[in-house]
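Several structures are given next for inspection.
Heads up, the next two complexes both have chain A, just with different partners, chain B and then chain C.
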Partner chain A sequence: MKGKQILLLILIVLINMNTGCWNRREINELSIGTAVGIDKSEDGYLVTVQLINPGEVASEKATERTAVTTYRASGETVFEALRKLTLETPRKIYLAHIRILVFGEEFAKEGIGKALDFISRDHEFRTDFYILIAKNTKAEKLLNVLTPVEQIPANKVFTSLKISEKAWASTYHVQLDELISGIISEGKNPVLTGVIIKGDPETGMNISNLENVDPPTTIQIRYIGVFKDDKLIGWLNEDESRGYNYIMDHVSSTIVNVPCENGKVGIELIRTKAKINGDVEYGKPKIDIKIWVEGNVGDVECEVDLTKTKNIYALEAKVQKKIKKEIESAIKKAQDNFKSDIFGFGEAIHRAAPKAWKELKTDWDRREFQDLEVNINVTVKIRRIGTIMKSFQKEAKE
Partner chain B sequence: MLKREKISARQFRILVILSFVGTTILLVPSTLAAEAKQDAWIAAILGLVFGLLLVWFYNIVGSLFPNITIIEYQERLFGKWIGKFFSLLFASFLFLNCSTILFTVGDFITTQLLPETPIQFTILFFLLVAIIATRLGLEVFARAAEILFFWVFVFFIILILFLLPELEFKNLQPIFENGMRPILRGAIYYSSYSSMTNIVLLMIFPTCVNNIKQGKKAFYIGTFEAGILILFISLYSILVLGHDISSRSVFPTYILAKKISIGDFIERIEVIIAFIWFITVIYKTILYFYGSVIGFAQILNLKDYRPLTLPLGMILIVLSLTVFPSTLHEAAWTATTWIPFILTFSFFLPLLVLIVSVLKKKIKGKR
Partner chain C sequence: MKFIEKMFKSKMKSSASNSENQKDVNHIFLSKSLEKNINLIKKTLGESSDIVIREFFAGEDGKIKIGVIYTDGLADKTLVQTFILEPLMLEMRKTNLSANILSKKNSFEILKNYVIPKGDMKDVSDFEYLFTQLLSGNTIILIDSYNKGIAVDSRGWESRDVTEPTSQTVIRGPKEGFTETLRTNTALIRRKIKDPSLRIEAKQIGRRTKTDICIIFIKGVANDKIVKEVHKRLDRIDIDGILESGYIEELIQDEVYTPFPTMINTERPDSVAANLLEGRIAILVDGTPFVLIVPALFTDFFKSAEDYYHRFCFSSLVRIIRYFSFFITLLTPSIYVAVTTFHQEMLPTPLLISIAAQREGVPFPAVFEALLMELAFEILREAGVRMPRAAGAAISIVGALVLGEAAVMAGIVSPAMVIVVSLTAISSFVIPSYNLSITIRILRFLFMILGATFGLYGISLGLIALVLHLCSLRSFGIPYMAPMAPFNLDDQRDTIFRLPHYRIFSRPHLISQKNIIRQQSPLIAKPTPPKDYE
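Let's turn to the complex of A and B:
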């Protein structure tokens, strides 16, 4: 019995000594990456990593130093470039917590597919970061801009994208698996939202950028970039981007301004629902888009009597027309300018008529998509008019 | 003669489930999606039907030898030398399969969780548990299974519930796009991993189950429940990831668990979810190890099987490291050799046993 007790004691002691994992990495040996940027360089890829300066983020009083630091290295493959960074960085970089992955515009035009393989193959990357394109600039430059309010620029981009998508609906967050399935799908092409530097990139790098009430350089999320397979081929403007989001059922809320007598009325959309139905009739593919929109009157800057239901119906018709126009412009641009099916109409046809799709898919992007007949049906309901009834505009004038 | 251990029908049912789910949960969603594309879930239903048919077959074979294992029965049926030859083949098959299971789990841990830890150590720790369980005996690890199965169930429910917001039902369309052939191929692969590998249970069934009638029922119910579990996993991997990503990932179930994100708060719980297959895989390893050790002991007419556990365990570590030179080799082996290999031992060998025993009875009856 005594032998057993001693054995137990030895085991307990041994267990305490064996708690560490083999490849444990203590937090003070790691640099936590928040963003990765990929550009092209002479020998292949230029990879930029934005790292947190733990001392600055954690300390309670303001410091002179910046909250993040960027390092860059180039290599023939993304993997090589990332490992080469250790020549410069003080600690090993830990990338499981990155919030954004940014591609430079020039790089995206030549195709992002090759760079994506490493990111989906490596075990450290998760799939919950957002992927964006640095419009008109290099990802390297973009990751250097310091941002106010949100100390870590990558977090700022991440949250702005999330918020703007919910409240303004001209942007859309794309994550790794959606991007990859967009690239490989035959009936759909991917999109990525753009980020731009507003102001001078050089001043944005300096901490003095944050010392102004109105910072001279900021980061803005704007426009949706259209891809053909893995190559960026162009941009949708603000209205077209929103039109795209209506079709894809990505809109949760936005503001639609419609004209009325001597002014405008702002309608807040609070709920939208979109449905794409494909069909093939006599060998010709056809797409039906049905969109249901629910909104409230949010802003009346004209002399309209909202107590009359007739006027509400008129507003509904105007909103419906405006939404339809935005959608049409997005489709037209994709069909005529880009010849790229970013809406997944091909997939809708595939789901509806798998047999006909087998023939259609061979030159879907080249011919069929461009001649595709798209019917758009928008239903608008305005439910509420806010906290006041009649607008005081009319009385104010008298 | 070895001492007989007895387990209840309920414990047997849980062992059936754990062994069926085993490595299936890790490997099959990817294979099903690669073969049957968006119809993977239909293949999973078909595979379940195959599984139930196979249980029916095993129940018939099992009732030939209610008080001994299949290895002892083969000796009685074919005579000493031919019987020993078949038994040696069967025990080696169990042993070899045990090493491939260890390879799979070692591969999973090395690829997804601990890339820098030498694979020897992950395999060693898994195998240590299997050796200890085998030494303690069937009754002990069957009872432990009852406790651990609860957690498998809980984590499975968490996985299913927390992924509800991620479901994308249009991923299922169009149904039956490529016809029945790919679905059938997928279903065969699926049953080769799950119900066919349950041949190992003939080492404990029906001899170690205290009530054979209930045990047969438990075999059906266990297979059915495990089949439903796998159906959910493969359906979810299509619904959440789509067939492209499912077939492209090596371990889609783990990717599935990574997708859990409830209100930016409950996320990154994939390692907790991975407990499902840590438990099921360890039980599959235990059953295969126990089966092969008992098998060798019976071939050698040992009184106790325990002296075999350590030497066989040592061989097993080396074998599991060398059985496949690389993961690609494993994939090629799975695509070509695996199906005929598993069919030989899990279908043709018991079929031969059944036919010979029926013929023998007829000849005896004529005399």
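Let's turn to the complex of A and C:
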């Protein structure tokens, strides 16, 4: 009896052994991918993968070789193309750590929805990467550009998007779940930030690009791409992008310049808060946007006496006007040019009046959104004026 | 575990019959003839050169035949000379006791009461007792025509002085340690606790070694049931020899098949005293400076005597560090292996790249690398313990250079692995009790195999099994994980943290069950300086 029990125990242990190790892989048997680019090709997709050369990234000595290598393959599906890459790559490609996913502009115009399925279905992807559009170029070209300071180009894009969003607020990071929910939602359309190559893409591929103090080719994060469902339909410019971010409450800090006597004053926004309220009055949808902004005076390049409160109030009014203008221009462009509700006004209406929404949603994008009445209410408070009182230009004049 | 016992059962039976050839001289009483007695002693002890047998005639006319027997080396020679031989051979002639001695009737009592100026004396009437006394260094005096003798305490052999304990050093605290002599050790404890209820109960275990053992406890503080249980378990032992307290530990512990120690051993009289005051029981064994303390709980192995001498905040910090390093030394290599071979997505990207770069060109899988380095470290450690002192420097050079530098330079192991192994090694030395750190060394390899086959899933299963096992252990009936499981709030004052002494006013609840309060209530005990100094 006891013997049988022991035998059973051994068998149970052995069964476990059979299941074990199915996904065991050594780190040095993997090629760590940092970026995936998807473009259109004749037979379907052209998938580009940027892989790290770990030896180069972490080595103490400077080497002649580049920190990353790109491989590309095309296939009828994204999955097929990725697997085909192994024909070229020396090791299995490991995509859990990708920092960015880039779509070519041309590809994005035809719709990115189908390509996203694999990426959200596959278990290996961590969903903390940023998704961007390669403006005016192909994703394949963009992933080939070598960047200074940050050795891994994908990392550079990732971090500069994060920083610019925090400090300048004309960009916005979109992750996979947000993008997909934007595509699905009836009352909201997604956006993706653009990324452009500044300079000649061919020289960007070469390591000599890094040997210059002023690299001839660099990567820049700029503009917000507007989508209608899963298709890219146009771009917001710098001010409109910021206006969009004000509405979406994505601004954490930025600089607003306002004119004054013989110059300008730069205000640093330190805190903003935005609230969108939807309402339906007599069958007509209405949106109220309330924005609270707090800022500090950061740069006075004119003759203004900041010790007087009335001057501060005047500054506040100017800032308020400027922000409002940016917001209005973003809304106008979305309503008139793109006819795409990227702000989620539809969702706000849905939340406020679910019954009315049922009727409105049928032609929300086509008609209702374009005629939507939007009230913008901006409140600005200037808190501090920095470490000096008067501008020294003014003192010099006196 | 049962089947292992079964394997050895056949051997056990054969060894049981071994005890029967021992009954030669047991329970034979002394005869009235001195000659017969001495012949029997000579026969039993054979030609042992260290047994000194001196026969002479004493008394006024040399009418009393006396035999003095002692073991050379164990008995103090000057003591035997001045307090036994001189009175018997010289002074007895001078004294005016002739009338009594001539009568021969009570010369035994006279010898005992008038002649030998010595404190500790025992009557001997059977040979078993005689040999025990003789071979533990006492001097036996036999008188012709009496069927009993006198055992005079004359023990005095070369012994080590009380020195600083080597295995449990402290920065602040007493620097004395136990020695190999039982009497010295009991004296060291008596000197700390001058309480009449401190009990030192003696026992002799070991058919051949006849090792003296003392059970020390404070009556009224220690749990009587546990004292009784200790006696019961010690009495059960039937073995030929006890050479170290480790023998006793293995023979009386609750659960043999566990890597965890269920008894504390210490070289320090102050920690024995502290444990006695908490209501524990100490078992002293002659011939070793290591004293056993029961019952022992898991958390006791993270306590050091020094904790109570330093300021409480520092002691608490150090204890937390010890618990932390327990997990580091147990799990670091296995988690490293699991994460780098199964869960690469869990690492932050820059760290993954850095590890990937280090592993570039390493020819072995991470598990093998980890096992190799851990094994190398264990070999080094073992070599360092066993080696003659003079070669110690060589070992550290070989260890540090060859295993650290050279192996990395040659690309056989990755620098990250060297860091992992050295971190585990250093952390394992933080745990104050050596026997728990041995446990962790064993378990670490188990966890490494689990981590390499099942990843973090395996490690968590292993941890669950470990906790279950720990909770099933008992030390003399006390749950091993107390006061964590079963939880006791009062005992937390001195478990992970060490609160100021005035706050630790109760003894551990499960250990000392009847005399819980060790000082007045904390409100009164709290040190309060006078408010005005005028």
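General observations
Methods note: the second predicted complex is superposed on the first by the 376 of 398 C-alpha atoms of A that agree within 3 Å, B and C clash if a C-alpha of one lies under 4 Å from a C-alpha of the other, contacts with A are read in each partner's own complex, and residues count from 1 in each chain.
Methods note: a residue touches a chain if its C-beta (ideal position, glycine included) is under 8 Å from a C-beta of that chain, and two chains touch if they have at least 3 such contacts.
Computed from a predicted structure; not experimentally measured.
In the model built by aligning both structures on chain A, chain B fits alongside chain C without clashing. Touch criterion met: A:Arg126 reaches chain B and chain C at once. Looking at the superposed arrangement, the partner reaching more residues of chain A, out of chain B and chain C, is C.
Of the two partner chains placed by superposition, A:Phe118 touches none, neither chain B nor chain C.
Within the superposed three-chain model, A:Gly55 lies in touch with chain C and out of touch with chain B [touch as defined at top].
In the superposition on chain A, no contact is made by A:Trp168 with either chain B or chain C. Using the contact criterion defined above for the overlaid structures, shared-chain residue A:Phe79 touches neither chain B nor chain C, since it reaches no partner. By the document's definition of touching, of the two partners only chain C reaches A:Glu26; chain B does not. Draw one line from the C-alpha centre of chain A to that of chain B and another to that of chain C; the angle between them is 50°, to the nearest 10.
Using the contact criterion defined above for the overlaid structures, shared-chain residue A:Trp292 touches neither chain B nor chain C, since it reaches no partner.
Of the two partner chains placed by superposition, only chain B is touched by A:His350; chain C is not. In this overlay, which is a superposition and not a single complex, chain B and chain C have their closest Cα atoms 5 Å apart. Shared interface residues of chain A (contacting chain B in one complex, chain C in the other): 21, 23, 126. Looking at the complex, you find that chain B touches chain A at residues 111-118, 121, 170, 173-174, 177, 241-242, 244-245, 255, 258-259, 261, 267-268.
Residues of chain A that touch chain C in their complex: 2, 6, 16-17, 20-21, 23-28, 30, 32, 34, 52, 54-55, 57-59, 94, 96-97, 99, 124, 126, 152, 155.
Against chain A, in their complex, chain C makes its touches with residues 2-3, 340-342, 344-345, 349, 352-362, 365-366, 452-455.
If you check the complex, the residues on chain A that touch chain B are 21-23, 123, 126-128, 177, 180-181, 184-185, 350-352, 354.
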